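First chain A sits with chain B, and in the next complex the same chain sits with chain C.
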Partner chain A sequence: MSGHVAPKKKVSDMKRLWGMAIDLDKCTGCGACQVACSQENNMPIFDDDSDLPKRVVFLDLMKVTNDNDRDAKFGDVKVAYLPKMCMQCAGNDPDDPQPPCVSVCPVVATDVGDDGVVSQIWSRCIGCRYCQASCPYEARVFNWWKPRYEGSFKEGLNPDVSIASRGTVVKCTFCSHIWKRERDRLIAKGVTDINAVQYTPACVAACPTGAMVFGDLKDPQSPVYEEKLKRDPRAVRLVHSIDALRDTNPAEYERRTKIKNYPNPKVWYLTSDQWLREKLSGFKKS
Partner chain B sequence: MKNVIEWIKNEWNSYSKNMRIALAVLFGLVALFGIFAIQILFWGLGYTDMNNNFAMGIWIIGDLGLVALGGGAFFTGFFLYILRVDKLEPLINSTVLLGFMCYLFTFILLVFDIGQPLRAWFGYSYPNWGPGLMPQSMLTEVVWCLTFYFLVLCVELIPIPLKHKIVDKIPFFHYFGHYLHKLMWIMAAVGTFLSFFHQGSLGGGMWGVLYAKPGWFRPHYFFLAIVAATAGGTSFMMLIPKIAGRIMKKEVAPKESFMTLARISGVMFVFYLIFRGYDLYSLFNTYAPLADRSYADILGGYYGWWVVIGELLLCLVPIVIFNVKKLREQEKLHFAGLVSGVAAISLSKVEAVLHGFSVPNFSWKGFTAYNPTVQEWFIFLGSLACMTLIYMAFARFFPLFPHLEKGGHGEGEATA
Partner chain C sequence: MEKLERREVILMAGGAVAGAAVGTVFSGAPFLGLQWLVEWTQDQHVPAPGEESYLQGKCLLCPSACPISVRMIGNRAVKVETANNGCYRPQLAIQMLYHPERLKSPLKRAGKKGSGKFAPVSWEEAIKDIAAKIDELRSGGKAAEIAAINGAGAFASAEVLKRLVKSAGSPNVYSEPCYSSLSAAASGLTQGQSASIYYDFENADFILSFGARLVEGWGGDPGRMNRAFVDWKRRGARYVQIDTVCTRSASAADRWVPLNAGTETVLALGIANQLIAMGRRSAGANFAQWSQIVINDYTPERVAEITGVGVDAIKEIAAEFARARNPIAVAGRGASAVSSSSVEFAAIQALNSMVGSLGRRGGVMLADYSGLGDVALNAQAAKGLDDFIKNGSAGLLFINDANPVHRSVYGKTLADKMKKDGMVVALMPLLNDSAAYADYVLPTISSIEGEPIEARFKSMHPVDALLSIAGAVKGLENALPWKSFKDVYPLIGRLNLRGAGNFAFPVGLLKDYLAGFAKKIGDKKYPLALVPVEAPMVGDGDGMALPYVLKGLDGLTLTGSKLWVMMNPDTAKQEGVSEGSRIDIESSRGEIGSVKVHITKTVAPGAVAIPLGFGHEFYTKYAGDKGVNAKEIMSDDIDPISGAADWWFTRVKIS
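Coming up: the complex of A and B.
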């Protein structure tokens, strides 16, 4: 049996805790983030990419509607588009992160770094898909077919991201290869403090409306300062309704987080639409 | 070579017409298994109906079912060798063989299921042990425990072919088999210990630890799976010899062996039903609400309510039949109890896998469904066909049922 091991504080120079915030009020659903991510991370292209459940993408642009989908009056049908990638879950305690998907891997092909990013090593993965079963955000994808790159696509491949084999699970790693590139650039300039390294993932860089921002959740100067996000009435995290208790009933919040782990994602969504906040945060009970 | 062909011809002609049809179907399934196995191993899992949302399917159900039912071997072995319930002796050879095959085919199905079978050894070379003594990943535990238990089953199985008349005449094999047999109680103890763990981890713990998935999460699922295996497994260990007996038109084991095991199975089903009741109660009242969801909603979809209700109803059949002396002694009812018991535990595995995956993760999505492709069906059915053929071969050529030998109408002699 696994069971939880006593929390161990990791000693590390890394002080950053990367996170993202996506302002759905600004998002137009253009899909530039998805295209940029697919290009940056060498996503394969298949003859039939209409087979959505088997498609290989790190960033999925999900369509969310309110329940008035058909037969509703004009204006009552609401639609939003949701760029959804790996939420880099921390579990209850970011100092001792327990993402849902990491402890389950039988061969340690996935781990969580001291910057909070959940890594995935394609070449270690045996493709058991147990991590896919454990992920509540459907963020992990499996290479059902051999990845193919037709014609000129081959020339556009990114040498910083390895090509996955058929039969392995891959996922968004917050573009950690870009972090490494930036680190190397700084080192070349003589800067050796890893906390000085800042970077922008491909999806964030591609967003034409500036709806996506990225940074250090612990840094008060960062656009994704967590303490500020927690107090933002527009902010919500995906299927994470425990957040609602934090202010309304702190005692119950404490009690629950003691008896059960929660994913505690590092991607926040911002929206002023009440219906959308409700949809994103959890399920309506019948 | 000629002799072999001649022998096969004679063998084939010695069967009845029905038997020949059955054999033809089984060999046909095995052939299709081979063809589709090549396709899956060389061209990948794209040919299955599994997808990123429904990441596991019929093969994992097969694994869960085989391990739970095959787990009857450890429980029966425990009663015979540790608790010394000698009445079970006539059934033990068949039990060990069934356990061995269930575990063997669990491995085989797992090889198909993982995307990179050539990396399967990573499970041994890079196990996810975590910082403590216990493995961190339930699958790591499954891999190691299954391997060791499989080795134990091998040791338990070897004496059976060694008892074959010709082999037994060679002194080395005679004594080797004899001493292996003496080791049996140690093997049974080790096997019980090992099986206890992977029953729990593959059958339940693996799903119960998925804390972010309210369709599965419950810490006690590990223990529920062990009870399920003891209940369903013991029924399975009676069902197969019963069917074999019907086909061979012989009494393969004394009635009191069956009755003893039926009583054990009946009691375990009572435990299982009580535990499952508590399980459902806790899902409704504790675990689903912890995720701010209602279990009544979660139980929707294609594999929700009806599967759970079906499972509970099927459980009642062996409980009533096996625990009432008058009922369990009636041949037909006894058989009905066995079928229902095995079906109940199999259904619980269907629920664990299919329903768990079909539960929506997002509020704007609905329940999903899964419809295995021909490749998945034939690899699954082909595995069952292989198992059936191996069992038949053992029943025909080896002393699988010592009771038959005692009665002086053993099958082995005819062809030896």
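Coming up: the complex of A and C.
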């Protein structure tokens, strides 16, 4: 027999693959997603959270403009806000998902669940920061300082999310603890079908304009049905210029998607602004 | 050389080791090491467990009163859940609820005014003292010296305080200038009814906004604007934003019309010129004189020269506006903080009048909210808050959920007056810049307390606190017959819409305004224009006390204690500044600095864009030592109708 061993086929009852789509044309940059995320996930409260190097957030509300383009003029420039969290990369093998961060973690503190969510277990992390270095989206944060919550701010902490130690890497988990909460509620009602569990992460629930939607990428009824998003000319993925090759150069596209650590994120951004699509995807139409 | 004995060498080596050991112990290193070991090995704070439940309530931050659901763990509130219908503000409620600097009891001044030194007192003592002061002023014939300043966001307590002060015999009740108070003053001028201008955003199909940043917290009800914005996209209504800075509203709009700072009124006159050329007329009084000015002096060419908007663009906008079925022209520059002159409101409302949008569905109406009824008084109040601060005085001043020392351009004047004048009573959940000058600070609840969450410490709903004060004053028992805020809420906040009435063009005021404007833009000593922008959630300053708001500030808004301002590359080149330069900004009123410069093409040439809401002197440790307060040098010309300073557009120079 040859030495090649076929990867084990995934065996799981879980049929869902959670993903998110964010319509930047509808985003007003109000900040509700960021606060909701911080509140839900027990973000530390330091003496001065305006201090950028010290800041710990899972969801970063980034201001994006095209004002640095050489031919941009006052009057033609634009400003958009970009809620950026963990992109929950899927990798290129559905049976053995290896996003960039998971493949480098020496202690299995981060892994991909059956539902596609890239987990992160704070207490298992040894703080080597390989994952942080390998993440294409700077979605991971290192706790350089012990997370603090001054005085009565502790009263508002969510018991579903454990508080990290100093020296660990933390990140957005698509609020998977809310999924667990919803699952437990269904089980208490006697529903044991795992695929019946639906949930909404805190950021999506808080979005006042409905710019953020969440659901099952494989479900044709879902607002984030992946096959539909792939065909949507408004949709791009962050720093993912490979997507542009899908129609123009299928052979090259196939080749690149086979490369190890192909990210394949599960968060899509939608916008009708071409400059913004180019800026986000990193692919410029010449 | 003396020979060392083996024994001596051993002793010396032993001594060195012992010395090093003693030294290490006394250096503190082992203790620090132990502390690190403890922190590294032991787990962090574990949130207290408890039974999960959800409390249903209403967000009481604005009259929309969106339903909210609060997730409870035991008796702790951990999250506000909304149903995609509100705005960002309910999400901040938990931070406010558990803020460690929340006032734990009423406070009485214990040091000099403005020092911020207070000692706790009981509610009984505070109420007795305040009621005695009201009695004293009333019996001494000085009832008119009682005054009140309500925050723009306070609506139930503002109504009760208005009723309290007016029943006590004083007309001096003011609101911090906001969209609704400024537009009410303007419609008093043009339509003879002091009710705020209500745009039917839900049914309009062409929205022409003159610097009103509609999706950035504008109008006091961001939830309504968010819903309207999504609806415009759905049904294809066209949104055109006129603005000096490329804000998110400008980018989210279907079209952004950039213009020179402070020239919105002139652009409105230019569009009116084109509407007249298309044969549009208004039935309003004095239209003939108004149109003479517009026809003779505001040709598209001249308007293009002043505003920087091209002749073609002016003609296009006017044509689109005239062609639309339900067009509205929106006045009220700004986002959370609004500043427009009454003439600007009138010039923009004139456009609505010329296309027949006044008083119809999909157009512009007048609105007020049901209140507790007015009290007729003979005495005359000042025109508005800034007019009152500049020219008035108070023997007893209530500051209700407001921060005029920080937000008014006359903040310093008010602070000086509060130091000298009579008693100051502040009602608020956190001590702010204005409360630092108070004699009494009464702790009020945050937005989700009272209902559905129990009030923390000894804080009270501001309505309840005011009712208790009224109950302790002789002769006011019947003026405020309610027992608690729960009796008051059903009476207030109901939206009351009416037609726009007859429109009258304020020709004389327009001439005065244009003369002043010409002088202002001709100022050679101050060649640049200072215009405000707002950072997400900071608004005009209230958000700065909340750490999760600070987490949203980017590195081009604030780094360390330094605030960033934005300038166009052309202006920067002309002024000789580069990215990251530190500058001071000077107007005829004074100087602020230093701030850092970010060079970006999102700002009009000749303008400096500065974020509002920074530079608090006294507002929790989180807001402390962060940036500068632009209001200190912003224009202090008081509008003759609204009595509010028109601070939007200030001539400055940088150094």
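What we mean here is this: the second predicted complex is superposed on the first by the 262 of 286 C-alpha atoms of A that agree within 3 Å, B and C clash if a C-alpha of one lies under 4 Å from a C-alpha of the other, contacts with A are read in each partner's own complex, and residues count from 1 in each chain.
Simple rule for what comes next: a contact is a pair of C-beta atoms (placed from the backbone, for glycine too) under 8 Å apart; a residue touches a chain by one contact, two chains touch by 3 or more.
Nothing here was measured: the structure is a model prediction, and the numbers come from that model.
Taken together in the superposed arrangement on chain A, chain B and chain C clash.
Of the two partner chains placed by superposition, A:L186 touches none, neither chain B nor chain C. Legend: residue contacts after superposition of the two complexes on their common chain; A:G167 is shown touching both chain B and chain C.
In the superposition on chain A, A:D25 contacts chain C only, with no contact to chain B. Looking at the shared chain after the overlay, A:P136 reaches chain B, while chain C stays out of its contact range. By the touch criterion defined above, A:I259 lies against chain B but remains apart from chain C after alignment on the C-alpha atoms of chain A. In the superposition on chain A, A:W145 contacts chain B only, with no contact to chain C. When the two complexes are overlaid on their common chain A, residue A:I121 makes contact with neither chain B nor chain C.
Touch criterion not met for A:I194: it reaches neither chain B nor chain C. Legend: residue contacts after superposition of the two complexes on their common chain; A:M62 is shown touching both chain B and chain C.
Where the contact sets of chain A with chain B and with chain C meet, they give residues 51, 55, 62, 65, 146, 165-167. Chain A meets chain B in the complex at residues 1-3, 5, 8, 51, 53-55, 62, 64-65, 89, 100, 103-108, 124-130, 132-138, 140-146, 165-169, 238-239, 241-242, 256, 259-263, 279-280, 282-286. For chain C in complex with chain A, the residues that touch the partner chain are 39-40, 43-50, 73, 76-82, 84-88, 91-92, 94-95, 97-100, 102, 215-217, 222-223, 226, 229-230, 233, 246-252, 256, 258, 536-537, 547-556, 558-560, 568, 600-605, 621-622, 626. The residues of chain B lying in touch with chain A in their complex are 44-46, 48, 50-56, 113-116, 119-120, 122-123, 126-128, 130-132, 134-143, 197, 200-201, 205-207, 209-213, 217, 222, 290-294, 296-297, 356-357, 361-364.
For chain A in complex with chain C, the residues that touch the partner chain are 25-26, 28-32, 34-36, 38-40, 42-43, 45-52, 55, 57, 61-63, 65, 67, 72-75, 77-81, 123, 146-147, 149-159, 162-167, 202, 205-210.
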